[in-house]
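The two complexes that follow have subunit A in common; it is paired with subunit B in the first and with subunit C in the second.
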Partner chain A sequence: MKVLLFGPELYFLGMALVLFILSLRRQVNIRIDHQVALGFAAGGVVVASACLFQQGELFFAAYRVDLFSQIFKVALALGLFLVLMISHNLAHIDDRYHAEFYLFLTTCTLGLMMLVSAVELLTIYVSLELSSYSLYILVPLRRGDDMDIEAGVKYLFIGAVSSCFMLFGLSYIFGATHSTYVNEVMAKMPELVQSPIGIMGLLLTLAGFFFKLSVFPFHFWAPDVYQGAANQVTTFIATVSKAAAVAVLLRLVALGEVYGFGFTQALWILSIVSMTLGNLVAIVQKDFKRMLAYSSIAHAGYVLMGILTLSEAGYTAAIYYAVAYLIMNFTCFMVISEVANDGRNLQIVELAGLYHRNPLLGLALMLGLFALAGVPPSIGFTGKLLVFTSAMKEGYFWLVLVGAVNGTISLYYYLKVVYAAYFLEGKELPAVHIGLSTRALSYALILIIIGFGVFPDRVVELARVAVKGVLL
Partner chain B sequence: MINNIETYLYIAVFLFAIGLYGVLARRSLIAVLISVELMLNAAMINFMAFNRFLAPHPAVGQICALFIMAVAAAEAAIGLSIIVAIYRKMKTINVEHATELRG
Partner chain C sequence: MSAWFSDLTLLGCFLCMVLPIASFGLIMIFTRNNHKLSLAISLLCSTIPLIIAWSLLYKYWDIAEPIVYNYDWILSDFIKIPFGFLLDPTSLLMLTIVATISWLVQIYSIGYMEGDPGFGNYYAFLSLFALSMLGVSISSGLLQLYICWELVGVSSYLLIGFWYEKFSASEAGKKAFVVTRFGDVGFFMGLAILTIFYGNLEIANINSAAVAQSMPPWLISTAALLIFCGVMGKSAQFPLHVWLPDAMEGPTPVSALLHSATMVAAGVFLIARIYPFFSASPEAMAVALAIGTITLLLSSTIGMVATDIKQVWAYSTVSQLGFMIMGLAAGSYFAGYFHLTTHAGFKALLFLCSGVFIHHFGTNDFFVMAAKGGRKLIIPMVTITIAALALSGIFPFSGFFSKEAILGALYHHPNKIWFLMGLLGAFLTAYYTFRVIFVMLFPKNPAPEEQHGHDEPHEEHYGVPWVMSIPLLVLATFTLILGFCQGYLERFLLGHTLHHEHNYLLLVSAVVAALSGIGLAWIDWGSKKAKCVGFISYVPALENFFKEKWYMDHFWRWFLNVFIYGTFSRLFTYNDRRVVDGGVDTVAFSTIGSGRLLSFFQTALLQLNLLFMVVVVAGVGLYLLIGR
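For the complex of A and B:
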């Protein structure tokens, strides 16, 4: 029954085929398109959850199915479902392209799912490109001004160049180790890092992934793409693809473990600069999406902090933080796409008076932002707590200190948004009406943000078991 | 002279450098796309050279090269379609005109 191991991927491949057929129809019916996509995505969550405890290897051991990969697959399927939930109103995308929009979201999710299971360099590369290429198409799909197409061009070419760097690095790793399997490369790591060619290869490869994670110094594409892409696409990039990037980084950094000091020191610097730069630049932003883009750079720094400890606790914290970030960031983006229901870019001042224009969305926004800032008792706080304590245990005092200071700085601009929503009157702005599904979604997100913040044990325990398989 | 690995590695680095220079210096999007292809080819030469001279298994590098070719073709298709779209909107494919997003 090896087919079952590949279950979630096969399911999403089938879903992509159905959506492809839908996109070929001459008469467009956007309601049906959305319902089909949403129904399939809900099924995808079920399939991915059913395959949670699968174990095994596929395709000449190029593809490993374990708890670690399956947890991330559930998270990815859930992320796709959530993004489709808020896609009921795609005002800024031509009706004709709705089915294609869902199609490319699905292929992107498929690519990311393959990415989290891939343990062979060529497989990693191909699945990474499958997901990136889908995003390259999704970003310029927005209609209207020229902003989208400019964002699309920037994203495409920066992405293409960074994947060239990665590929060049991979070729050196292949040359130095004569293998493309991650575990065989890992075994030869000590001699690899002694040779200049091995170090070059490793650094170039990691550069490609840092681009995906938008860690400094590969962050500059993020704000432009966030601002230029349609709100739902931005949501997807900011949540789902981030979670997958963390997963791959965890697997790959486990590679550098034997190298020790110099390697972690490089990550140490990246983490600090990424946090500080992201937070400081976010302060001056007026566009809400752009602000979240810079804050995502900062959050990449926090996740790196967990990863660079190279310990079980640190990895567990990083997984928890990645999933928590997916949820809390999604909450903010849900509010954006509901308030900006004509698909425009939302300025922070436009959130004025959200507490009376729509109390539920106001509450969700506040909790989402509090979670991002790390205010207890939200999941964001628990995530930061886990990351900081794991770094502290390994003796990274200064790193934790910088992280804590950064947390305080970030509080300032998150609270600025909360201030706009709760203390500005905004009498002239219209009330925001939301449908039943969005209302249910808001309640669910609020419950998750508080619930898993107060009782994180089960998720943490699951993450810990998953990490054991990766660290070996 | 020709039949050793260093020659091929130098050629690859050289190609990669040309490609990178092209990406940074050229203003036309088509030229940038071509430069990106050069960089991909540099990686491909590396794979083939390592495969020819060092690898115990003779097929792996070739398979990598084949995959890169296919992926590069897909990339070119997407790149060109976006370039066509940008030309329809802006009537130019010069990157200097794409400067609306700032901050």
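For the complex of A and C:
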């Protein structure tokens, strides 16, 4: 029953089909759309969890199922489920497009799932494009002003150029090694990094993932897309697709044991520039989503820091950080989509007085932001600690120093939001009412942010085991 | 956890720490508006430590080796800071004194504080105080002791300023806190030196001979002197004694028991606690002796001219603390500690008796009390006389024995000047004590017109509530019998009895000094023909000098204005405004500015973005190719 290894992907393919049928109906019922999508997504979490400990290879060894990929599949399924949970009012998307919205989210998740398992260059490329194309459609799906169109075009163009880079790079690698299997390519890596063709090939290939991760200089889409897309779409881009990008980048980098000094130094520079640029520009933003876009550029720099150490501890830290980032970022976006329940873009000042308009959301927002800033004892602090420690162990003192300074800078703009929520009186602003599910979700997120920040060992251990599997 | 319960001693120590803090928390958070419940909690949480303390004293009466429970808080290759309990005669005796006195003050306060709106808070503060004092007594490490020591300061601040609506009270609380903190800075620096150069803050270890081997003598002296700064603050030694008389603004039971018997004794206790370490430094001992002597004389002279009864006893406390430090510094650990014990009893008694008078007559001026018929309060009058006799050092009261011990220690000091100073101090003490007693016993101009302006609830009623008189009687009993326990205490504290050579010169001179003091007081204040002016008024300049408290308050005011506010404060403010604030502002503004600058790169022009991407990737590629 080898096909069971493909279980989660098949399940989401089926889910996409069901949603496709729903989207063909003439009579639109947005409640049913949402309930079906949410129910299937919940099932997806169960299926992905059930397949957690599967191992094997598929499709002529182009596709590898191991603990590493399965952990990320659970995370992706969970991410989709969470995003759908806050999609109960899609005020800025036309009613008749709701089913399509769910459909493309599902195909995107499917693409990301394949991405984390793919170990062949073309499979990787196709999976990446599957997820990207879904997002290209989702971003301009918003109704109203033309901002979404601008964002969509920008996203498409930058994505297309990045894909060009990547394909170009892949062609170089194929030309140099005569293979598209990652493990075969990486076996030849020592000679490869000596030759110009190999270096350019690798660099250009990484561009595709840097685009997903919004690492400098592929970050230009992030602010506009974050701001222009509907809140829920932004949430998905900011959380789920980021986690998958980290996973595949990790798998690629981890497979090659030797890169040489120059290559890590290039990553080093990109990491520093990413976090510094992201944090500095985030300071002056007034739109909350745009601010989070810049913050995501900065966080990409932190993740890169873990990856470029090329050590087991660094990879473990990067995985932990990616998962933690998913959770804490999601918390902030949940608050955005609940407070801006008509689907508008949320200015930071609109959070004024959140502590009395909805104390629970206020608390969740505060903890989420503290986690993003890395304040103990939150999950974000533990993540930063792990990343910095691993980098320090490998002797990247200056990198850690810049990271720490950046952490301080970021604290400023995160606290600005907390300040707005807790110290500005929002007397004239209406109270925010949330449903039972959001309430439960808030409690769960608060618990996770604090709980796994204080007792991170289980998650770290799981990440370590996964990394060990990849390194083999 | 089972170890906690199988070892009753450990459990006892643990309870001594946990119960008071639990009581403090419970009262502050839940019950402070319910006076009865607060009282019950607080009493329960002070009675159990009392029982524990006495039973521990009984159990370990023949203790040979100290009992130590340690939990290492900070441990590295060269630093060891333990937290835990240390039980040896020194700590057991202090534990018992503290537990007893705090229990008595709680009982006495039932009557004294009745009807006060802050009744609950008051008992919470008392619990906090009990916690910190018990902690000082049985700490096993100096850092732990320091923490409790500071907690003592906090709780005493809260208690002195308890009637905070009264301006003078809150000022006094502040003064006490700041002045003692001033000394504590020294204490902390001493601890820092010990940690850096010796690395072990465990008391048992500091007292061993190892210190002298691993630190040069000058460093030991520096550390000891710095720690002595803390003692000077807390035990109100010259020149940091100024806070104690002001501290009498607090409720009388507080001044009685905290600022006479326990809290101020903490300083003396600290010296006793690390006495072997202290005596390893002759310089520190000499300084302590000098400071003690100055304090003794200075405050007894001020006590001679004060008219507020609590002020008299406050200065008397200061002087007796100086006397204890003299005893310790003269080389007799036992004499100093013994005087601490007896003094705790009779000074508490003096204050509590005065409290009864103050409560009854609504005034602090003992001349007014006398005029209103103070001597009609039989029990307080008898007990205050007993306490006064003890304070003056008259046989057979406890003070006689302990003073005798200290004078003996001073007598054996090579320099006889200290002994003479001690005698002078004893003479002055007897004089100012009996000045109060004679004025009260033999009022010269009885019953002046009623002074209105302060209400007197029990005008014609000379009874004393039982909750207030029982502590008096208990303490009076202690005062009577404690002196005869000298032999036992010696055996307990030192492990053997001292050989008493009967030095008649010493004995006679001590008794003569005390009796002549009393006699002079009789001539000045007691006898029928007394002119009711002190002998000191023949030298008006000196009397004025004493009345102005040796201008110490003026000195400190001047010191504060010139050095603290005028110099340091101004410089630090300047530094804060210009350097720190300015620097931070510059960094912050330039950070925000650079963010604004960089955000221009985020243009809406797509083609520029794409160009930028290509350029950067090309640049990185070139770098890699060239740097290969």
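Here, the second predicted complex is superposed on the first by the 469 of 472 C-alpha atoms of A that agree within 3 Å, B and C clash if a C-alpha of one lies under 4 Å from a C-alpha of the other, contacts with A are read in each partner's own complex, and residues count from 1 in each chain.
In the analysis below, a contact is a pair of C-beta atoms (placed from the backbone, for glycine too) under 8 Å apart; a residue touches a chain by one contact, two chains touch by 3 or more.
Since the model is a prediction, treat every value here as computed from it, not as a measurement.
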Exercise. In the superposed arrangement, which partner chain does A:200 touch: subunit B (first), subunit C (second), both, or neither?
Worked result: second
Exercise. Between subunit B (first) and subunit C (second), which, if any, makes contact with A:283: first, second, both or neither?
Worked result: second
For this session: Identify the partner contact of A:422: answer first if only subunit B is touched, second if only subunit C is, both if each is, neither if none is.
Result: neither
For this session: Mind working out whether A:174 is in touch with subunit B, subunit C, both or neither, as first, second, both or neither?
Result: first
Problem set entry | subunit B versus subunit C as contact partner of A:266, first or second or both or neither | second
Exercise. Where does A:223 make contact in the superposed view: on subunit B (first), on subunit C (second), on both, or on neither?
Worked result: both
Exercise. In the superposed arrangement, does A:157 touch subunit B (first), subunit C (second), both or neither?
Worked result: both
For this session: Take the contacts of subunit A with subunit B and those with subunit C, and give the residues found in both.
Result: 150, 153-154, 157, 161, 165, 223-224, 285
Problem set entry | Touch list for subunit C against partner subunit A, complex | 588, 591-592, 594-596, 598-599, 602, 604, 606, 609-610, 612-614, 616-617, 620-621, 623-625, 627-628
For this session: Spell out the residues on subunit B that touch subunit A in their complex, using ranges where they run on.
Result: 12, 16, 19-20, 23, 29, 32-33, 36, 39-40, 42-43, 46-47, 49-50, 54-57, 60-61, 63-64, 67-68, 71, 74-75, 78-79, 82-83, 85-86, 89-90, 95, 98-101, 103
Problem set entry | Complex interface listing, subunit A residues touching subunit B | 122, 125-126, 129, 133, 136-137, 140, 145-147, 149-154, 156-157, 160-161, 164-165, 167-168, 170-172, 174-175, 178-180, 223-224, 227-228, 285, 287, 290
Seminar exercise, completed: The subunit A residues in contact with subunit C across the complex are 150, 153-154, 157-158, 161-162, 165, 194, 196, 199-200, 203-204, 207, 216-218, 220, 223-224, 260, 262-263, 265-266, 269-270, 277, 279-285, 409, 412
